[in-house]
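There are structures below to look over.
One chain, subunit A, appears in both complexes that follow, with subunit B as partner in the first and subunit C in the second.
Presenting the complex of A and B:
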């Protein structure tokens, strides 16, 4: 007499574990493999290779110290870091005004106008927006025409190839990142808190300082670090709008590769930038944790 | 509220409005200016323009140099967006629908290229490309652009995938669908709008990219951004205003059209 125990499923149909809706690890690996290969080849390998190149030819540290001792690259490094800090402060300040207005305004046209403003630099393309700013700031351009028309200056100012031009250009490109990152922080501030504070007698400035600021401080710090990180790598803007007068690391790297043919030197400059970037990313993660960063990206 | 206090509040609000207005002007002025200057017939760019017309667009339409660069850019952007799309969709399924160990790390790996400083990254890629013999190759550049574009597909796709309950697939499988059918017919179909958005962003990333192409493209691969970059460095060609204005117009329509079309549906 057959008992229940003797009834076995057909051979090969025995499951060690219960059936799960998710596919197994092998399928997962197969699906992820193309991207993994691409990332190993074109992200991990280059990042390691740049340090190998910088130390090649029997001089393991020489080229790194050169970056700091050579007056040109030392100045470029200092410019890159100070200008990027300036860019971070300016972009986050302006982005915060836009993001906060987007969060609080009730007017539909203001919202449409500000979203357009925030996103225009995104879809203009790197070269085109720098070219447009180049036209705006040119000696015979409209900004100078306006200043002279108003009688502010007598002769055209040289606005191009200045710190102002570079900071304007980079901030312009990074404004969308700042607005999107800050907006994701600001939307979590409950608007009823603002009206509560106002009912209790706080003015607008006081509400911002005592109610909003403590709630968004962390997010703003992450945004500052993120903008700084994205800014130090800019290549097109410092070359197109900064020229040789305000050299960035990008300008130095460009010369090392295309004029001096000093590729290992360029690798050392790049390696220093990567180390700085790594420190900034680590700081962001320590400040906020990966979750906040993911949400803000 | 006391009178001086109310005046203070008004002043504060006015300052906010002025700052916001200034930002709007600073952002929109370069765009408006470029479009304005593109409709001038002056021999060189000057402001204010002395003559108006569509000469620059006619020059653009007749110029082999710019049209060749444009065609190369379009082909490159389509290729790299397709590569990024294929890599990204595979990874997204692996992250959200399999039991692959360390799958959350996969997501971080996918977006890491967004955070690498471009000027350093291109030096690093130059070295790797010369070792692999990919310098100046169309496919190599497309792969490099695909890696840059990947973060957008992963970010947009992941956010959308999280919103699709796995129960839907379970239901389909219970009703007899294979897993592939459930993935393709339900999950991927539901995230299609997001993936389409990611594809457009990937296309745009490659189409506007000017740094990698400068290092990796060699003399043979002159994309539109590279042609403009070179032209501006060695004296600028007024035709660029017409190109810029056309691209701004086309991408504005590409962004605004889906918004306008879905507006009715959302209400």
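Presenting the complex of A and C:
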């Protein structure tokens, strides 16, 4: 016969306090309190203060129109928006290739290599990254040496202080964000859909067009928005690689604060950047549709 | 029933027409093998499948059955050998050009397309004209009893309906063969039974050749005309389903497919050309004419062929119940026996109403094997 072990009483104290599987409202509030305080102090308050500052003294509306009429800030705004749009497209395109390969490859070493490639920019300081690219693009740098060695060009190209350099630098910094955002979308595409489409007669391009594209469209739009938003706030890269001739809004705001002591003007510039960012995000999220958001959250 | 031949001419760009060419097999695998580096996943499989046959490829996980199917589908390139579909060598063709249909375990329906658009997908890829696509889709939906669901999205369907969509999608363009990869693997038992019947009906009505991969011997038994038993990348057996069940050729087939007890025995005599073996000191007549006297063999006895309180002491063993499972109409017992030189555990299946059924673990019982139900099976352990 099977022997039944006698149940020994548990050692230690026996608690009789009632317990519920979910924490009560007081516990929850206490746990959340530090975060709530931080959000109010460091996010909500500055946001409101920007608009308050922009309206303080003088003619409030004129500060906003100044941003568009002043040739320096107008040009900076245009540069910021066009460069950031380029960055978004380039980064999402590159990130999509990397993220899709990460999702579909069967080879471990490819995955390791791609994750490393994608995440290395995360581990380097902003200055180091930009300095590395600065050296790479310099007139006597390796890229020019290669181009001249191959006979593509006769004299060094001036790659630094161009739109190309700025877009390159920002894209490099933002690539990890694009890869991570897109990967989280791509992993939701069941790979058996791809093989099923293939058996049903679809070639590789057709599989991408008829199965993958409709399924990831929303996620790609969200990634574009994310990269665009991160890009319009860039400060170091446009200065180091773009020089002072093609400043971003962040540079202009910096000058307004530290050179001109025009705090309300700086606040107005920041507010306009903020509104543009908000409009872009709202538009893209509307395009992407609520379904995509619910799936990502 | 004749819709398979009603294929529009313009659709026959890839491959020969669907009507089976005379004298050719629907599927022919010739020395088909696959290795990943030093690992051999499938080793030289030869198989010829008749038109309209349903072949179950049965095996435990890691037996190579899925790799075999992937090679036929075109997802894996074979390391050796060739694959012929309707006589055409498709070994180096893309999956898209092989003209096959496939149903996989999660059905892989396109989540962004309606049921009708899912079924239409293969026809669009084959550039059927719009009107013929619509006709064909309507026909397939009707035959798979999905007409009312054409506008639904896959996630709005039940598991059974999803499977019917997957089958309709795979058969819409009249593929040369249909591959099914564990289509019932993730389902509960009650639903499974319904879907087994559905697949049976589809096979009958569409007269399609089907390669059906599964690890479930009951599915294989119910559906298949023939069973290919895979083990360690090799074809361990290939036989009509009843033949394989009642007369398993090897110990592995007896254990895996017939669920038989494998009992060590020794040949002691021959009666009318058949072996009489000794098990635990008792003798038993078998159905096999094999082996020199005195050699150790393995006898396969299915659980239903174990009887309690045999009338003849000559083949009664003494045992003890070590486990008892109530299965509804029947009760499964594990009986441990031991003797001077042998010991073992046999599993036996008895009607729940059988007289003298042991009621508890630990009871002593007398049991034996029904004469002429034991088979001597060659040990195939060394084929590893």
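In this section, the second predicted complex is superposed on the first by the 259 of 297 C-alpha atoms of A that agree within 3 Å, B and C clash if a C-alpha of one lies under 4 Å from a C-alpha of the other, contacts with A are read in each partner's own complex, and residues count from 1 in each chain.
Note that contacts are C-beta pairs under 8 Å (C-beta built on N, C-alpha and C of every residue); 3 or more make two chains touch, one makes a residue touch a chain.
These figures come from a predicted structure and were not determined experimentally.
Once the two complexes are overlaid on the shared chain, A:131 sits against subunit B while remaining clear of subunit C.
Put subunit B and subunit C next to each other and count what each touches on subunit A; the higher total goes to B.
In the superposition on chain A, A:172 contacts subunit B only, with no contact to subunit C. Contact with neither subunit B nor subunit C is seen for A:150 once the two complexes are overlaid on the shared chain.
In the superposition on chain A, contact of A:203 is made with both subunit B and subunit C.
Of the two partner chains, neither subunit B nor subunit C is touched by A:106. In the superposition on chain A, A:114 makes contact with subunit B only, while subunit C stays out of contact range.
Residues common to the contacts of subunit A with subunit B and with subunit C across the two structures: 203.
The touching residues of subunit A, counted against subunit B in their complex, run 20-25, 27-29, 31-36, 38-39, 41-43, 45-47, 49-50, 53, 94, 97-98, 101, 113-114, 116-117, 119-121, 123-129, 131-136, 138, 140-142, 145, 168, 172, 175, 203-205, 229-230, 232-236, 239-240, 248-250, 253-254, 257, 263, 266-267, 269-271, 273-274, 277, 281, 290, 297. Residue ranges on subunit A touching subunit C, taken from their complex, read 1-2, 190, 192-193, 195-203, 206, 210-211, 214-215. The touching residues of subunit C, when paired with subunit A in their complex, are 14, 73-75, 94-96, 98, 100-102, 104, 106, 108, 110-112, 121-122, 125-126, 169-170, 173, 179, 361-362.
Listed in rising order, the residues of subunit B touching subunit A in the complex are 5, 8-9, 12-13, 16, 19-20, 23-24, 26-31, 33-34, 37, 45-48, 86-88, 90-91, 93-95, 97-101, 103, 106, 108-128, 131-132, 143-144, 146-147, 150-151, 155, 166, 169-170, 173, 179, 204, 207-211, 214-215, 224-225, 228-229, 232-233, 236, 240-241, 243-244, 247-248, 251-252, 254-255.
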